[in-house]
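Going by the order they are written in, the chains are A, B, C and D; count residues from 1 in each one.
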């Protein structure tokens, strides 16, 4: 019997790792990967709560599925953006994309 | 057929053309073929349904109809008026009684014929070069879809008017026709004329359409006032509810004969405008600028008949208003206008040279016949002449269109685009060139001039004469005698100018190369002519009085009289019992005088016309034979009694002068603008000082402020690195910090967090 | 804690602890597969050889060359392991292992017979799809790892083809799931009193085509088109690693045929037998109730069906030419996917509309009619498009095959 | 007990590979580690009796998203090979932010859900029927107007929009294709 808090801790840790990746990686693709990590962390929490609090309902799973969907869409569009930026600016480094500077 | 089915079918009659209009306008206006096919479908549906309904009505039988004239009556509440919670609604509804039935037969048939004809007519349109804005010869009409859309809308409006059971719906159909007639008369909107000296003077289509629209507006405003008056008095717009003996007598008692007559005349004004009676007839000849099918549908089948039909609809009102307890002014006005119009138009027609112009004026005069007949109180005769005239006048217009068409072909072949193909002086000898057109035109013309015993026109005119004579003979109604005489003269002239027209157009030998090279139109145009010719003859036989010598005993049933008469038979009986009308709908005894009169005028007129024009046909450029004998009278007729010029001087010039000089110059420019300029100057002065203040104080301060912000922003701009991650990090850190603060506040100090 | 319920156990066997039983099951199944792969190799070579008027392996092990595969394995085992220079070692080593693992994992939910199943997941088919999507990754690993442009190209092709053909594959699998109202393979098998092949033939056809593409056999074998990209993603692999790819390929083909047999041919059921018997009023037989005998009988039936389908695979492989990349993709996106979407809609609505308790034959007939109708309409539309395409080619005057590609590929951009 | 060990193993795999994802210099290996993370999360789902979600995780994340990411990596390959610092200037600040976030989350968790088993009476063991029916309930709730039919439709529209948008964005310019 695994306590709920273990799952929540796992989710929190995964989330923090994702945050770290988002803030500190230079490559846009890497940033995207980190975002996926964060989404997974969220999903873990959703499913854990579903299992432990309301297993007879389907709210947790349903929202997990929605997060899955959103992640898929986000990855598709994000990668498309990255590739088009790479085509136009020949770089996928997030720091180089500072057209709004000053 | 059950009554419910009949009701549904009745509702569906106008639906077809209206639906066709929307379909063409919205979807198929790109495809010409699809458009006219849809239009055909609409009118054919209307034709079939209309005839089914009409024949079912006829099948009920006159005796039963006399008791219950309204076969189909269906209505539903439409507009809430006043205290509509109590259910005072204006209903929209249809009703079919014998009068509507005969109208349905005539209108649907002629309109369908005209639709068929239009396809053939428009596939080869007006000549090359002479006219702007219209397709070249042997080219297809570019706006065919629009044409058929408006024609369908027109047909729908007419059917709506015929089937309407109350004044409002009737007025709606009336106005729909008004608008569509405007847009159809001005169909070739880009036409401009460069008239030679000897050309027939005519104004371009767009002016003609505006003229028609404005003229009928004048009438319609009065008519609308009349409708309001009617509703105010009767409390309903429905004919069957309004025209009960009680209502009529009550209203007559309440408002008195004068006001009653006034109401009737206000409604009658609508007819004057729509049916082109004397003061307002000027729009109709110019309306000939539209394509010939439009002329046919406007001046024969639908629109002008609508006026008379409306007059027949409100006939009980007329009868009561001019009845024993009414005023004779009503009948004098109506019959007087009708008779005068008939005579005037006939006189004008004898001096016209435009083949369609002659027909236009003859239309006016025939409508005068009907109006006069109704004025003297002969209901059936008016209706009967309305129907027969619808048939043969549509025939005549279409045939004349075919003639013009042939002439234009000739014009194309000889490359002569300056001779007017509509001028009868340029025709002649077309009998060989256009055989079908000739024979059908001949039949129509004979019907118009009332060739005895065969044609429809004879029977309907004879009916009018008989009625008028009977009224004079029986109760010494002096007006009836006047009408009788005037109409007899008009009929004589009618026969005369018909013979003249046929002779000038078809007989003799061609006077111009155009006529030389003219040739017959295509089957689209000739087949409707033949069908219409059939009806132009046969339609009259339904109206042979049974007491007519020899023939009457053969037919032995005055069918139209009983059928149409049964519409208001019962009502008139009751009104007669109340001494509100002079006499009910009754069978006339046979009299020799009207018969002899109509025989004489018809045959005499025809013979005279033939004697002058047909016996030795005109040569090229030979002036009109009657020009010299008639002298100034001829020019007077030829210039249409100078009525247009009169209106120009009396109405239009003063109006323009008023608006130009008084309103624009004096009031607007001088007075109002003066005041405004004064105010403007004042504000200029004020504004100058405001400007100074603004320059010195405000903008100065703003500049100072701006510089300050500029300097500050120079410093702060460094913060904006344009890196997403930095922004995200900063915002996240701030959020984390906030959360931390909240938590610390919630949980007290860190010390007691983990216990 | 484990939500998955095991299949109905065979009573004769002694009951043992679940963990031990799991291990036994895993060992048995994987051994069986690894062995049967050898048979498959021999079968393929023999059958294709006969179809091509050759004799095929006939030296090693009797005149039928029964031991030929063993010799092949020996050769592969004894070969030298070459690692290309500049290879990404992690990916390079991981790929063959992963692909074999994936191709073995899917068999866990395959019902060989009554009770003969690794684990009866209530989401069995979904599990299969998920695992087979893993195998896509391994191609990328191999292509990327063995630092070689042909390999990378092959990997790209393979991934493009597999990922896009997963769509009609899944859609076509959804239809039996709809009809059986369950994703469990056992439930699907048991619900097929009439094999779904005769109920939704169109779905079966789509499934078959996309399974051909999934396994990358002819006519969809672009991922290892020897003539274009030398051998696809596993060009740089040799010896046992290559053997693993080889093995995975055979297992994949066999698995697809087994899946077809399960989903559309009624698995270990003897087709239509219960309907026949019920027509004669005889007591219907239930293999799952007949204990071990039933299990063996079911296994035999299942294997017969599976190998029949596998034979059809070989047949196509031996006879069909290869198609172009753009043709593959347009076939997928323009034909298979729309048809299967429409089919799902129609089948779902019809299946809801047919009242419960209708005779299975009637239900099957209605669905069959709808399938035939949709197929006819689809064929009609395709015929129209084809004619337009031909006219386009003829008008453009490029009729010789060389330039035709340009014209046909044009609409894709 | 077995389950707890299993869970700990899964957690270690997941977190470790996640760390690899965010720290590894070679993006391709990072992507591989990402797949491992996804697989680990799927395992976590299985321990949570959410087999369906686990499979969906495999199908979507490993089968689709990872493939996409690897494609992107390969298309931008030239840059991958160029030696470059994997981290930007603010890595330490980011690390700090992440740690603080984790700390706060941990504090809140510790406050509400005690790490000891069987403390706050949760739904410990439920009959397997409910769990077996969970997928069916999920599907029903997606098409149930009282439940999630609207978000479901919105999600579908979102996917469509993403499809179109991705194609449009990544489409080569007109001058690119000869």
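General remarks:
Simple rule for what comes next: contacts are C-beta pairs under 8 Å (C-beta built on N, C-alpha and C of every residue); 3 or more make two chains touch, one makes a residue touch a chain.
Everything numeric in this text was worked out from a predicted model, so none of it was measured.
In this view the innermost chain, defined by its CA centroid being closest to the centroid of all protein CA atoms, is B. Centre-to-centre separation of subunit A and subunit D, using mean CA positions: 6 Å. Averaged Cα coordinates give subunit A a centre that lies 74 Å from the centre of subunit B.
Chain geometry summary: the mean Cα position of subunit A and that of subunit C are 34 Å apart. Between the Cα centres of subunit C and subunit D there is a gap of 29 Å.
Residue positions of subunit C touching 2 or more other chains: none.
Each of residues 3, 47, 49, 52, 56, 64, 71, 88, 90, 93-94, 97, 101, 110, 131 in subunit D touches at least two other chains. Listed for subunit A are residues 19, 22-24, 94-95, each touching two or more other chains. By the definition of touch given earlier, these chain pairs are in contact: A-B, A-D, B-D, C-D.
Partner subunit D is touched in their complex by these residues of subunit C: 1, 3-5, 88, 90-91, 94, 121-123, 126-127, 129-131, 133-134, 136-137, 140-141, 144, 152, 156, 159, 163, 166, 183, 413.
Here subunit D touches subunit A in the complex through residues 3-4, 7, 11, 14-15, 18-19, 21-22, 27, 30-31, 34, 37-38, 41, 44-45, 47-50, 52-53, 56-57, 60-61, 64-65, 68-69, 71-73, 75-76, 79, 84-88, 90-91, 93-95, 97-99, 101-102, 105-106, 109-110, 113-119, 122-126, 130-131, 134, 137-138, 140-142, 147-148, 151, 155, 158-159, 161-163, 165-167, 169-170, 172, going by the rule given at the top. Listed in rising order, the residues of subunit D touching subunit C in the complex are 3, 28-29, 32, 35, 47, 49, 51-52, 55-56, 58-59, 62-64, 66-67, 70-71, 74, 128, 131-132, 135, 177.
By the touch criterion stated above, subunit B contacts subunit A in their complex at residues 717-718, 720-725, 728-729, 732. Touching subunit D in their complex are the following residues of subunit A: 1-10, 12-27, 29-30, 32-34, 36-37, 40, 43-44, 47-48, 50-53, 55-59, 61-62, 64-66, 68-77, 79-84, 86-87, 91-95.
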